[in-house]
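Okay, so chain A shows up in both of these, paired with chain B first and chain C after.
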Partner chain A sequence: MTLELKNNIEKMFKEKKLPSENIEFRKKQIDIFLTKGFPNKKIEEWKYSDLDHIIKQNISNLNFELKLTGDFNYNNSEILNDFEHNKIIYVNGKIKNFDFPFEERENIEINYNQDFKTSKNSINSLINLNNALTFNYSKIRILKNYNFKKPLVIYHFGTKDINSSVINFRSDFVLEENSSLCVINIFKNHSKNNFININQQYKISKNANLKNYRIDSELNSGINYFFTNIDLENNSNSETFIYSAGSKFFRNEINCNLNDKYSSAFISGIINLNESQHHEIKTNINHLSENTKSYQLIKSVLNDSSKGVFQGKIFVDHKAQKTDGYQLSKSLLLDKDAEFDAKPELEIYADDVKCSHGSTSGNLDENSIFYLMSRGLSYKQSKKLLVDGFLNDAIEKITNQDVKKYIKKLMKI
Partner chain B sequence: MLEIKNLKASIENKEILKGLNLNIKAGEVHAIMGPNASGKSTLSNILSGKKGYEISGEVRFENNNLLKLGIEERAHKGIFLAFQYPLEIPGVNTNNFLKTSLNAIKKARGEKELDAIEFLKLVKKKSSDLKIEEKILNRHLNVGFSGGEKKKNEILQMSILNPKLSILDETDSGLDIDALRIVSEGVNTLRGSKNSFLIITHYQRLLNYIKPDYVHVLKNGKIIKTGNFELALELENKGYENFL
Partner chain C sequence: MIDKELEKLKDYKYGFTTEIENIKAPKGLNKEVIKFISNIKKEPEWMLQWRLKAFERLKHLKEPDWQKPKFSKINYQDIYYYSAPKSASEKLKSLDELDPKLLETYNKLGIPLQEQKRLNGIAVDAIFDSVSVATTFKDKLTEKGVIFCSMSEAIKKHPELVKKYLGSVIPVNDHYFATLNSAVFTDGSFVYIPENIRCPMELSTYFRINASETGQFERTLIIADKGSYVSYLEGCTAPMRDENQLHAANVELIALDNAEIKYSTVQNWYPGDKNGKGGIYNFVTKRGLCKGKNSKISWTQVETGSAITWKYPSCILQGDNSIGEFYSIAITNNYQKADTGTKMIHIGKNTKSKIISKGISAGYADNTYRGLVNIFPKAKNARNFTQCDSLLIGNKCGAHTVPYIKNRNSESKIEHEATTSKINEDQLYYCQQRGLNTEDAISLIVNGFCKEVLQQLPMEFAVEAQKLVGISLEGSVG
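Then we have the complex of A and B:
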């Protein structure tokens, strides 16, 4: 990337009137990014999703210096009325609205300070990019013993006003002891050909509980990277469900650090693609203490020439005795040009553990189709029934009934 | 109702049916007996429209050229196959499936579809007639069902869909005595001047409950003998090996 780009970015930092220390931090981060560039397939972890290539193919003249000056509007009819919820609304990556009508505000701290600390996991150049260019940052702290009464929906609206831009934002959540939160990230992207780079950090303290759902269901041209780090302390739990179906490209990357005893992390997900969509789920589950548990189930349905990828890693530290780790990926390839790549990885340094993984890929079963059609169902109906049935056990993992119902509605089940 | 003329079928260059003739009139019950691998399931698959066979000959069902109809069209026209090995369909609720199936057929026939309440009433009645535990209808279709439960579920589908021609492919195999009686009652209830049956079985005992009008012996892809109920007894005594 050019020197000119670098100068422009540095000029932008000055215009924002950031503290000099913060500017230094951002300069370092952008330098790292500019040196490394976007991840490409030469990097082992990105071998199935060459982001550098995908961006070049889909976005010409990528704009890094997005000036968020417009008064972007979202359409109110896109706010869910399926269940009561609190809201955070992002429009084109800019925070538009915080609305917590169902909660006791004295138990929630919200902080918009742009002078955030770097996230400790700079696992790839996109994190550096996010560190350098995030001007929309929020930190939400849920105080001890407080349980959110209603889910928090984070809307990610993209409007037609922008295109070919890089959009970065970040939000951090701290769940103090014995607290709980249900977060639902919903993508409603009407913008064209943007690269959206999101970083969410969760710190889940002792006995706290996070439900973390993300729904990308509407067809759009967005290229997305959504990095999530979840740190789990003693006896805390996180449940993640991913519905990955709408965007041109989406890589959900989830890091769970099971830092202390009896913590657990559950991830289930659906990749459901058509045409030339390409989605990846990448997980890193780090069992770092004894008696920790993880469970992952990913179901993928690939039509046309779409491509799905699941790379799931379970790491078990030598201290993490009595780890229970499970991972399963199943995919249905419905057209000859569809592709699914699975790379399960187990890295185990403790001896008293129970870990397993499995991966299968197949077509629709012709005999099952025959059975259903012989009962009067059309081919289309039979196929839908089989596909819905195939995806069912991933949906059944959702423990929030409102969200489960909403997902089923989206999938017309 | 069903007229099969010189039906030949092969799969992967192996000829399985070798010129089969069969006539079933409305209201008749026909039994087919025959050794393993003689082509009984192949015949029922072909009548239901399963793909993958090379077929010649003629099959007419009422006024239709059956071989030209798609699988689901045959179901709409009133053909039903109780599978020898009913398939397990994970993630698909049995009740929902039954309702989708019934309404697909009703819709194709231009009849009014049933709403949830009407359907539940129907299913409750039919499943209690067949002594099927209602609980299993809330499970996934055939998944983890016992052998007998799967067979009973086929008969439940039959009695809900009310087909004109029911083909029962070894529905009696693996049923205990009570289940056998219940299944037979299911057939006998449906039996009438309009509904016909093609019952494939290895055992004469089923035919004690469902008295067939004709018994055919299928061997090596052909019907080699046709008779009445007595033929079944004779077969059971002699075995296929010593027969003819």
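Then we have the complex of A and C:
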């Protein structure tokens, strides 16, 4: 990453005809990124996933100045027909289509202005990179008292036309009072060896309700970082489910700030890997006010020489009395080269709290397999039955029935 | 004047100083000081070279900074690295020749060396500032072939053992504080238990920092040969001073085939006053190696003192079927800070480890459990169980849990659980209703909370530790 690259990027800013203030902001951000580089294992939070190393191993000649010329098309058959939904379609990181046929458009504001404000969570250099190079930005505001009638599916298509590139995009959502939204991010990546850097910001106002699902189910060579920040106000609620199985590398990072009383955050997830895949879920739940609640459940199944990582943190501020925080991570290592690393962390400064976490890792119980086989199932069948049951715990946490059904179909449960 | 002194000592009864003439090395950390230490202890050349190697290495190292409690910068050039009571420089033939003032000090501390001989049959090695001043019960131990002496004596008398094992668990090129210790360590205890011997009594060391502006750097080495057993206990105190003093010890344990070492610590260094002024920085490296098959190392610690406690007694489970255990109580009050836990490194097959940690935080204190469980690919059937419970008293303190879990073997099993809570109002009410005052009730409940760990301590010390738990929490409610 040299001076040449920096000059090229600055040239690109000028060509895009952005306001000068915005160029200044982006320049600063790219400077920070270039000094820090990609996160490596020396950084505590990236201890188990050395992204710098992973990128160097999988992508030679990483291209930062993605020039999207031409019109890329996605395969229409990949659009879900399991349930009715609204769509936003990204192809190769570019917004292709907004389609809200089921909603009252006067209650939704969409803003594409590229002159977005800085995101306050500059927790790592990838956020800086995203701030600097995002040219695909959208902000969706859901007005007071409006409830989305159907879920909103965001498709992330990658076509074969691009490779070895960095793709950045960002979307912000604001849920005003008493509103609700169900977002599903679906990844369909057919491109080769790209680094995809996504930043999503949610602001959930009083009494509002967010359901947020993400599905990465098809095998691909993408390297992904998906950062989500969720700010929750009084009596608001967020539910997140992660299905992490398709990409070569995927790090889902979720930051929940429970800013006001009676807010709650639920996170559940599945990591289901084969071959040499490497996925990580990192959560930060910040209890910043009293009477807040959080619940996390992560189930991992690791085959072959795959690696799963869960880093979860519950932070309780000294103001946040009566906090209820719970976290559980369970993993199954099914092959001898599989690896699971966990760092479940509690940081607590208030005394009247109920916080606990648990973490287990091991193989399937031989007695259970024996039990099933003695009743006529083959070894393979018994194993599948037990693994499915193990993962099903997390799936049952999904409150949207359509999504639950769809995920079960994907997993053939 | 005397009243004032007594008033001061109310909080920390070991806070007195003994006026004894000291021999000190010049202040500062350099080659000359290391040579001075080595010279005054009449060490052989190889030992000096070993120290210098560590010192060379130290120049390239930086203090680690990942820990939770941050501390003000230590000026390593402003510390006396060697301080010894003058009378100890000449070899004593028996305890009767010991400086009476020293004996008095130990009596105040509750370890009457003279009486101990007769009463409870615990062999004691007492270390005052930097040097070991007395070792009791020598004859009885020699009979069994057990070597229990000061480190400096071991270097002279048993160089082959020291050469073979010193630095084999904590190498010269370890982290900053361990390497600092390797360069300037002044004394410590050395224990060797020969094959198939069960050490007939508990061995014990008492550490005391007396002189001001000194650091204490002792080094303990315990070797349990095949089929042997030893139980070892250390206790520590220091006078009350406004400045922070550094204590950076290294403890190495080596258990060969079928051997078992039980190491218990009651740490009660001066914790600083109510406003967080002064106190000891307790940056200790403790590591045990289960080298042989079926060996076992068990760490028990009761940490009530020190301004900052920063240590992780660890077990490297190298031998097949070896077992590592860690039982800990860490109590922090006022402005004390603790970042402690363990590392269980499973290398051999069928290795087992168990971690029970109880953290209690009161006042403005911060208490962190930080631990690692690492299962290597070849550690078939490894098993770990970890339980970390924290108790918070008041809403100005913090309790944190930071476990690192790394599993690279599909046939192993790891379980971890942690809880954080406060003292249950119902329990408190129940005790008070039956006539206990609030402090006694809290002491009772906390003792119950810690029971699993207290049970692991040798009888005599369990009683002492129980009292210590109560004293440490005094004034934390209200």
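One rule holds for everything that comes next: the second predicted complex is superposed on the first by the 413 of 413 C-alpha atoms of A that agree within 3 Å, B and C clash if a C-alpha of one lies under 4 Å from a C-alpha of the other, contacts with A are read in each partner's own complex, and residues count from 1 in each chain.
One rule holds in what follows: a residue touches a chain if its C-beta (ideal position, glycine included) is under 8 Å from a C-beta of that chain, and two chains touch if they have at least 3 such contacts.
None of these values were measured; they are calculated from a predicted model.
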Between chain B (first) and chain C (second), which, if any, makes contact with A:371: first, second, both or neither? first
Contacts of A:381 with chain B and chain C, given as first, second, both or neither: first
Which of the two partners, first being chain B and second being chain C, lies in contact with A:362: first, second, both, or neither? second
A:391 contacts which: chain B (first), chain C (second), both, neither? first
Which of the two partners, first being chain B and second being chain C, lies in contact with A:333: first, second, both, or neither? second
Determine, under the contact definition given at the top, whether A:406 touches first (chain B), second (chain C), both, or neither. neither
In the overlay, work out which of chain B or chain C sits against more residues of chain A. C
Intersection of chain A residues contacting chain B with those contacting chain C? none
Going by the contact rule set out above, which residues of chain B touch chain A in the complex? 45, 48-51, 70-72, 74-76, 80-81, 83, 86-87, 89-92, 97, 100-102, 104-105, 108, 140, 157, 161
Contacts from chain C onto chain A in the complex sit at residues 66, 377, 390, 392-422
In the complex, chain A touches chain B at residues 365-368, 370-379, 381, 385-386, 388-393
In the complex, go through chain A and note every residue touching chain C. 44, 318, 321, 331, 333-363
